[in-house]
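Chain nomenclature is as follows: A, B, C and D, assigned in order of appearance, with residue numbering initiated at 1 for each chain independently.
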Amino acid sequence: MTLDSDVSGAWLTREEMESARQRLPILYVDAVPVRVDEAGEVTEVGLLLRADEEGNISRALVSGRVLYGERVRQALLRHLEKDLGPLALPRVPTSPQPFTVAEYFPVPGITPFHDSRQHAVSLAFVIPVEGDCQPRQDALEITWMAPHEARDHRVLADMVGGQGTLLQHALAHVGV
Amino acid sequence: MTLDSDVSGAWLTREEMESARQRLPILYVDAVPVRVDEAGEVTEVGLLLRADEEGNISRALVSGRVLYGERVRQALLRHLEKDLGPLALPRVPTSPQPFTVAEYFPVPGITPFHDSRQHAVSLAFVIPVEGDCQPRQDALEITWMAPHEARDHRVLADMVGGQGTLLQHALAHVGV
Amino acid sequence: MTLDSDVSGAWLTREEMESARQRLPILYVDAVPVRVDEAGEVTEVGLLLRADEEGNISRALVSGRVLYGERVRQALLRHLEKDLGPLALPRVPTSPQPFTVAEYFPVPGITPFHDSRQHAVSLAFVIPVEGDCQPRQDALEITWMAPHEARDHRVLADMVGGQGTLLQHALAHVGV
Amino acid sequence: MTLDSDVSGAWLTREEMESARQRLPILYVDAVPVRVDEAGEVTEVGLLLRADEEGNISRALVSGRVLYGERVRQALLRHLEKDLGPLALPRVPTSPQPFTVAEYFPVPGITPFHDSRQHAVSLAFVIPVEGDCQPRQDALEITWMAPHEARDHRVLADMVGGQGTLLQHALAHVGV
């Protein structure tokens, strides 16, 4: 999970959003961007390099909140465009069934997922992208790596909030 | 979707919850209670008879909100116990992957699902129940019927907010 | 299921294949070709018009056998190319998880699926196609229709062996 | 995969089965037996200890062939009873959708799965068992361990043919 740059343009003030975050589970989407070959097999996984407010660098999935009145599909497209740029050509799956649901709790240890700001429940999808990716906003860079490299413990150790676990679940789902 | 009897005992006042419902998607679970044979095949589907605030009778799935700090699994158990009683012995699936995600919008027609009170996003599961079911609270009765009876258009017509569609999706998922 | 045009070029003579069909479940794939919008939502479903050996016309999904030594992904690509032509640009899903498994038995009534020639077990996938479709071989034509048209009972009645049921399961899986 | 004790009682002689194995993909099921708590969360994973024909000991999942005319559900029940005894009370899932499909090839390296005897395509399921397990036939013992123990590299190294990978995929699917 990342700085929530949604808030400014959304239906709640920052104070109202902070209040809601103490009282309701917040709906998120997580997307694992991948490159695939013509048979649909994953050849590369895309991980973002991000800097948080204190300047710490971490690797991250594409992730963000679903807004009031927004379809889950539209939320996926919006966050993919925000993080990968307008030319990424993501292929959002036909089915609304996520490969898993990640429950991020403010207290660590309840699940593998943790978000100190909130209780977030995230629908997770693997998303093939076919176009050019140009990271924007707080994403410094996107790194493409082979699936076996993405599973390396040093890569996973650079991910926070349990996203390394979520990435492993995604790789298991696609059979690698 | 039904009268939200969670609100009284929860973390928000009724006014705060009403306010949140105008501003955030609210996380729900939907459960389709089923009886299964020893090979796991669905033999019966359980539908609740409910009365709304105006006294209209409808058929419904087990459905309700996920509370702040609550696991999705616990929310399923809580709503199943609330609607089917403490002796129903529901078998919550091992995987957090729902068979679908139903997006209920306050405006009809965006998806097959509609809830005039709110934008609710619901994780839907088929749940075998092995024990005795004793409807409680606002559920008047539970009716068990064979899968092909549950698919009858007269049964589906008694369901509101698109839950008839969700029931059909559930029956497709279990292969009947 | 359709005339098995695989047999001629495969690892078994027609007699050996006939013999195996009386003794082993035969592995198949079923593909539901769809057109999607940029958010991944299904806008059209593609159904083949086929003629069987007696000249009966029916509507059908893309369907065929998995060969010895062949990946499931490759079998999907091969049958999609055979039925839709080489320019269809199918997007085979990243995950090997089918949306359902259809069990076709030589005796009707055991499952919704029936194939008088054999016991076939089919992994079923929804496959977006982005290119031009030019039906070949025994497929006379491909008809694209909106999801609600595909669910019409007259369309479903033109499908044989339970493929109408499988199409309904596919539409449920994609949320329409 | 294990010694195929199905063959003796089945529809093919050993020679015919050997011949089919050189010419057709053979349909299998793999089952990961688990213990769950009342909320459906996996608390323990059951692994078999097996001896192969040369007396090598390995850990294994419940696995076996689907017979001609047999439902996938019945094949799961039959292999679970064969390996865990008649009192195991397995809870076969309501949906025919496997969590993954494992493609075992006679040549290693095509997929993570390998079976020197044949090209087998296996539908994989996580199966809660509620009763007493008494290993039979060629299974020497069943060992229950916590999910994090089952993921230990020493445990996974005792599994052959890629079943360690399949176990990891199963654990990812159930969210641990």
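Note that in this section a residue touches a chain if its C-beta (ideal position, glycine included) is under 8 Å from a C-beta of that chain, and two chains touch if they have at least 3 such contacts.
Labels paired with UniProt names: A, B, C, D = ADP-ribose pyrophosphatase YjhB, NUDIX family.
If you're wondering where the values come from, they're calculated on a predicted model, not measured in any experiment.
Engineer: Any chance you could name the chains that touch chain A and chain B both?
Structural biologist: Touches both chain A and chain B: C, D.
Engineer: Pick out whichever of the two, B-D or A-D, is joined by more C-beta pairs in contact.
Structural biologist: Result: the pair with more contacts is B-D.
Engineer: Please work out the Cα centroid separation of chain B and chain D, and write it as a whole number of Å.
Structural biologist: Taking the average C-alpha coordinate of chain B and of chain D, the gap between them is 34 Å.
Engineer: Roughly how far is chain C from chain D, centre to centre by C-alpha average, rounded to an integer in Å?
Structural biologist: 28
Engineer: Can you list the chain A residues in contact with two or more other chains?
Structural biologist: Where chain A meets two or more other chains at a single residue, that happens at 71, 95-97, 99-101, 111, 173, 175.
Engineer: Along chain D, where are the residues that touch chain B in the complex?
Structural biologist: Per the touch definition, chain D meets chain B at residues 34, 36, 38-42, 71, 73-74, 76-77, 91-97, 99, 126, 128, 173-175.
Engineer: Within the complex, which stretch of chain C touches chain D?
Structural biologist: Where chain C meets chain D, its residues are 11-12, 16, 20, 22-27, 66-72, 95-101, 103, 105, 110-111, 119, 121, 123.
Engineer: Would you pull the chain C residues touching chain B in the complex into a rising list?
Structural biologist: Within the complex, chain C contacts chain B at residues 100-101, 111-112, 168-169, 171-173, 175-176.
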